[in-house]
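Shared chain: chain A. Partners: chain B in the first complex, chain C in the second.
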Partner chain A sequence: MIALHNISKRFGTFAALNGVDLTVRDGEFLALLGPSGSGKTTLLRIMAGLAFPDQGQVRFHGEDVTALGVADRKVGFVFQHYALFKHMTVLDNVGFGLSVRPRKERPPKAKIRSRARELLELVQLGGLGDRYPAQLSGGQRQRVALARALAVEPQLLLLDEPFGALDAKVRKELRRWLRQLHEQMGLTSIFVTHDQEEALELADRVVVMEQGTIEQVGSPEEVYMTPSSGFVSRFVGDSNSLPVDLFEGSAYFHERPIYRLSGETGNGGARLDFRPHDVVLDAGGADALPLLVTGVYRRGGSWRVEGTVDGSSRIVEVDVVADAAPPAIGSRLGLSIKRARLFAANGAPQ
Partner chain B sequence: MSVSVPFRGDRMVRIALTLAATAFVALFLLLPLIAVFVEALSKGVAVFVAALTEPDALAAIKLTLLVAGISVPLNVIFGICAAWAITKFDFPGKSLLITFIDLPFSVSPVVVGLVYVLLFGAQGWFGPWLIEHGIRIIFAVPGIVMATVFVTFPFIARELIPLMAEQGRDDEEAALSLGAGGLQTFLRVTLPNIRWGLLYGVLLCNARAMGEFGAVSVVSGHLRGLTNTMPLHVEILYNEYNFTAAFAVASLLALLALLTLVLKSTLEWKFDYSHGSVRH
Partner chain C sequence: MEIALKEPFAARRTHAQPMATRTRKSIIPGFGLTMGFTLAWLSLIVLLPLSALFLRAAGLGWSDFKAVGFSDRAMAAYIVSFGTAFAAAIVNGVFGLLTAWVFVRYDFPGKRLLNAMVDLPFALPTAVAGIALTTLYATNGWIGQFLDPLGIQVAYTPLGITVALIFVGLPFIVRSVEPVLADLSVEVEEAALSLGARPWQVFRYVILPAITPALLTGFALALARGIGEYGSVIFIAGNMPYKSEIAPLLIVTQLEQFDYGAATAIATVMLLASFGVLLLINVAQAWSRRKVVNS
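Let's look at the complex of A and B:
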């Protein structure tokens, strides 16, 4: 178990992390998700021992490792741009960690080579041991980097934007493959990403970060379906957001009731967030919000309809199943919200 | 030389520019270089060889090799340290350090020599103390080495700083995360990454160290057979109207320049090559 307690880190006047607490369970696949500048990479580097917090504690299995450097923490670190040693063959890259061990613990040369070959098999790069990194594709390089990190038998695997430099198709394949590898090895793994789709697809749990703090920790389902703040709601998955007034259990937009609230809510201003697929578009009922269609495009099996609501300039995105013709641009439709979440006007949950 | 011009320039302009550049190179660079060899061999090979093998000339050659042999390794160490500190760490006064590294490029070498005389000469700040302890710096080999080190300081650091800045810290961090120590990381990861750039810097540094005249001239005292380097020896011979001998020694320096040029081109080719797609 890895535990972070009250971690803070400043770079000059910029507060990269502000009192972060986090517990990572053994064997889990954890995503640190956030926009750039949210502190996710800094947090990963602090766990690795490549950066050190100004304040707070890092514990591995109860042992305080805050002051230990990366060499003493037994972590594998995979860099966004691979950081392969370009003057060494793939095999020498993978064997590097074993070959720099102190003489007493260092396996014989032949043993290092055979271990490196096994690891290359594991990452499905069997015959490529004699190549140089420059002769490999991006996806292959990232696998070599992974094999190299695994060679030292780390107790924790840390990946910094591991798919960031790859094109979309390779990225998808590598993602699926990494998930399988994780299940096969059961190694506690933490990866950083700014891509919410990647986080939701790969991780057991997602840590959503913003401005140096953790906004929410939860399973992909929890983070998507019950976001704890307006930020999470808008950052994880697409979300529409309308300013509303609450009055006697209903949310009003431009003095029109658009959503019936469940449970007790006060009166006053708030924000109503709803997903594009939690909406029905039709000719319009009493609660329906007038929508002027301004754009339509295909997103897989549905139409993504963009429009402005109730004569304002606010743009709302709606998904409509693509088994019928798309609504015409310029047409006026009624929009009913089926499921929504309410946040305070400043983004806090309400 | 296949530079594509973004606009259709006049053909005549192109030819005129090429001719001007070629004529300039021929007149100011090539012709003097040829003249050195022609003059050196004008009285036959025997005189040429004799000029190079007389004791004072041999002493000058030896001293030049000694000075380069000391100052180049020193600047390799300084250069790597400075480039390492500047590119891998953040510290206050970093830009000031970069400015200071460039100082030898902007100061006249004669001024450097004079400053050393002012500091370490018999009448200088540390002069009395040095005399008391029997240490000779000015008009002796240590002064020549110090002046050469100063003048050649920027060559290696300047070559390494942009290279190491471009490479970033990822490789070193990767090595550390794999359990390598500081020295192992330097020898097995950093040094191979910078080796071509370093060699290039060493080459330029060496050429300048052997050819330096101004600063060395001030601190050396021109003691024949003792504190004369090759450039100083050339000047003495020339002032004595011994032109053939002067050009014979000068031709050695010219050969060094040509050799440096060839090695430099080879390295540039290698350097680009290793940055490209395949192995070095």
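Let's look at the complex of A and C:
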């Protein structure tokens, strides 16, 4: 179990992390999700021992490791740009961690080579041991980097945007494969990403970060369906966010009632967030939102329709089942919002 | 090279096809023009004077050439010249690398000033450097007076020559290594550390192989400069034949006696030896680079 207590880190005047608390369970696959500058990579580097907090404590299984450097923490670290040793063969790259061990703990050369070969088999690069990193594709390089990190048998695998530099198709394959590997090896894995789709697909739990603090920690389903703040709602998954006025149980957008609220909400300004798929076509409804279609494209089994609402230039995105022809550009759709969440105008939950 | 090799094929194709569809050999234009200029320029600046030197030396005839170019005194001078240049280049290799490392990795007040000072040995007239060093290292000099009781003679010995060559050669190493070191990604070092490598292992197995080609470049430049250096050396060397006489001085001595043949003979031997050494370093460099840039 990894526990972080009240971690703070500043770079000059910029507060990268502000009193972060986090507990990671054994065997968990955890995603640190956030925009750039949210502190997610700094947090990962602090866990690895590649950076040190100005304040706070890092504990591995109850033991305080805050002051230990990366070499003494027994973690595997995978970098976004692979960071392979260019002048070494793939096999030597993978065996590096074993070959730099102190003489007493170092396995014999033949053993290191056979262990490196096993790991290359594991990452499905069996025959490529004698190549140099420059002769491999991006996906292959990242798998070499992973094999290299696994060679030292870490308890904890840390990955800094591991798929960031790869093209979409390779990324998807590698993602699925990494998930399998994680389960097969019984690792605790933490990865950093700014891609919410990646986080939702891979992780057991997602940590959403913004401006050096944790906004929400939860399962992908919790984070997607019950975001704790306007930021999480907009950052995780597609979301429309309209400024509304609340009055007698309804949300008004440009003086038009667009959503009936359940429960007591009071009156005043707020933001109404809803997912593109949480709408139904309903031309005649009382709370219908008239959408002037400005663009349409296919997104799987739906049309993703972009449009503006009368009296506003704000773009709204909705999904319409693609069992008919796409709505024409310039036409009007009546929409009714099935499910929405209300946040204070400044983004806090309401 | 590749372009030149393809030439006959491209030329052959033009016979079968109209000129207009002739394929371009390289996307970068101007190969013919720039290559022509390069060859002409090299011929004018390097090859022409050198061939004049060879011609003059050839005028001696083989037995005379051997008698002058390989005389005992000349051989002793070659050994002093190449030995001290090697020693100085090796010392510079170590401390130049350290200097470059400090400039690249750390920030400290006065860094720019110190960095500018590295180039001073380039700018200073070499004779001035020679006189200054001699003053420092003479037995009654600032540094010499402390070394003398220890039995260390610097001025007027090969050690003094080495000191002078270290002075003039330092910038070569620092300036060759610095940009390569700055380009090294910190991530690669962090990766090595995360795999449990100790700092010296990171240096030995990760950093050093990456900067070896640049280090060899700097070494070759410092060595070449050291072999040919004259001004800064003659003041501190003492110029005793068979002991502290460098080959360039021997050449000048011959010139002063209007024995141009002997001067060119010694110069030719030196030149060929230098060329051989530099070629060797180049081969070593190509070998170390092949591993880094592979494919």
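Keep in mind that, in the parts below, the second predicted complex is superposed on the first by the 349 of 350 C-alpha atoms of A that agree within 3 Å, B and C clash if a C-alpha of one lies under 4 Å from a C-alpha of the other, contacts with A are read in each partner's own complex, and residues count from 1 in each chain.
Here is the rule we use: contacts are C-beta pairs under 8 Å (C-beta built on N, C-alpha and C of every residue); 3 or more make two chains touch, one makes a residue touch a chain.
Since we're looking at a predicted model, the values are computed, not measured.
J.: So, on chain A, is it clash or fit between chain B and chain C?
T.: Clash: chain B and chain C overlap once superposed on chain A.
J.: Please work out whether A:324 is in contact with chain B alone, chain C alone, both, or neither, and reply first, second, both or neither.
T.: So A:324 meets neither chain B nor chain C here.
J.: For A:75 in the superposed arrangement: first (chain B), second (chain C), both or neither?
T.: So A:75 meets both chain B and chain C here.
J.: Which holds for A:50: it touches chain B only (first), chain C only (second), both, or neither?
T.: Both partners, chain B and chain C.
J.: Figure out whether A:168 sits in contact with chain B (first) or chain C (second), or with both, or with neither.
T.: Neither partner.
J.: Same chain A residues contacting chain B and chain C, which ones?
T.: 48, 50, 69-71, 75-77, 79, 81, 83-87, 96-97, 100-101, 132, 134-135, 145, 148-149, 151-152
J.: Which chain A residues qualify as touching chain C in the complex?
T.: Interface residues on chain A, with respect to chain C: 48, 50, 69-71, 74-77, 79, 81, 83-87, 96-97, 100-101, 132, 134-135, 145, 148-149, 151-152.
J.: Show me the residue ranges of chain B that touch chain A in the complex, using the header's touch definition.
T.: 170-171, 173-181, 184, 188-189, 192-193, 276-280
J.: Across the complex, what residues on chain A touch chain B?
T.: Contacts found on chain A: 48, 50, 69-71, 75-77, 79, 81, 83-87, 96-97, 100-101, 132, 134-135, 145, 148-149, 151-152.
J.: Give every residue of chain C touching chain A within the complex, in rising order.
T.: The touching residues are 185, 187-188, 190-198, 201, 205-206, 209-210, 291-295.
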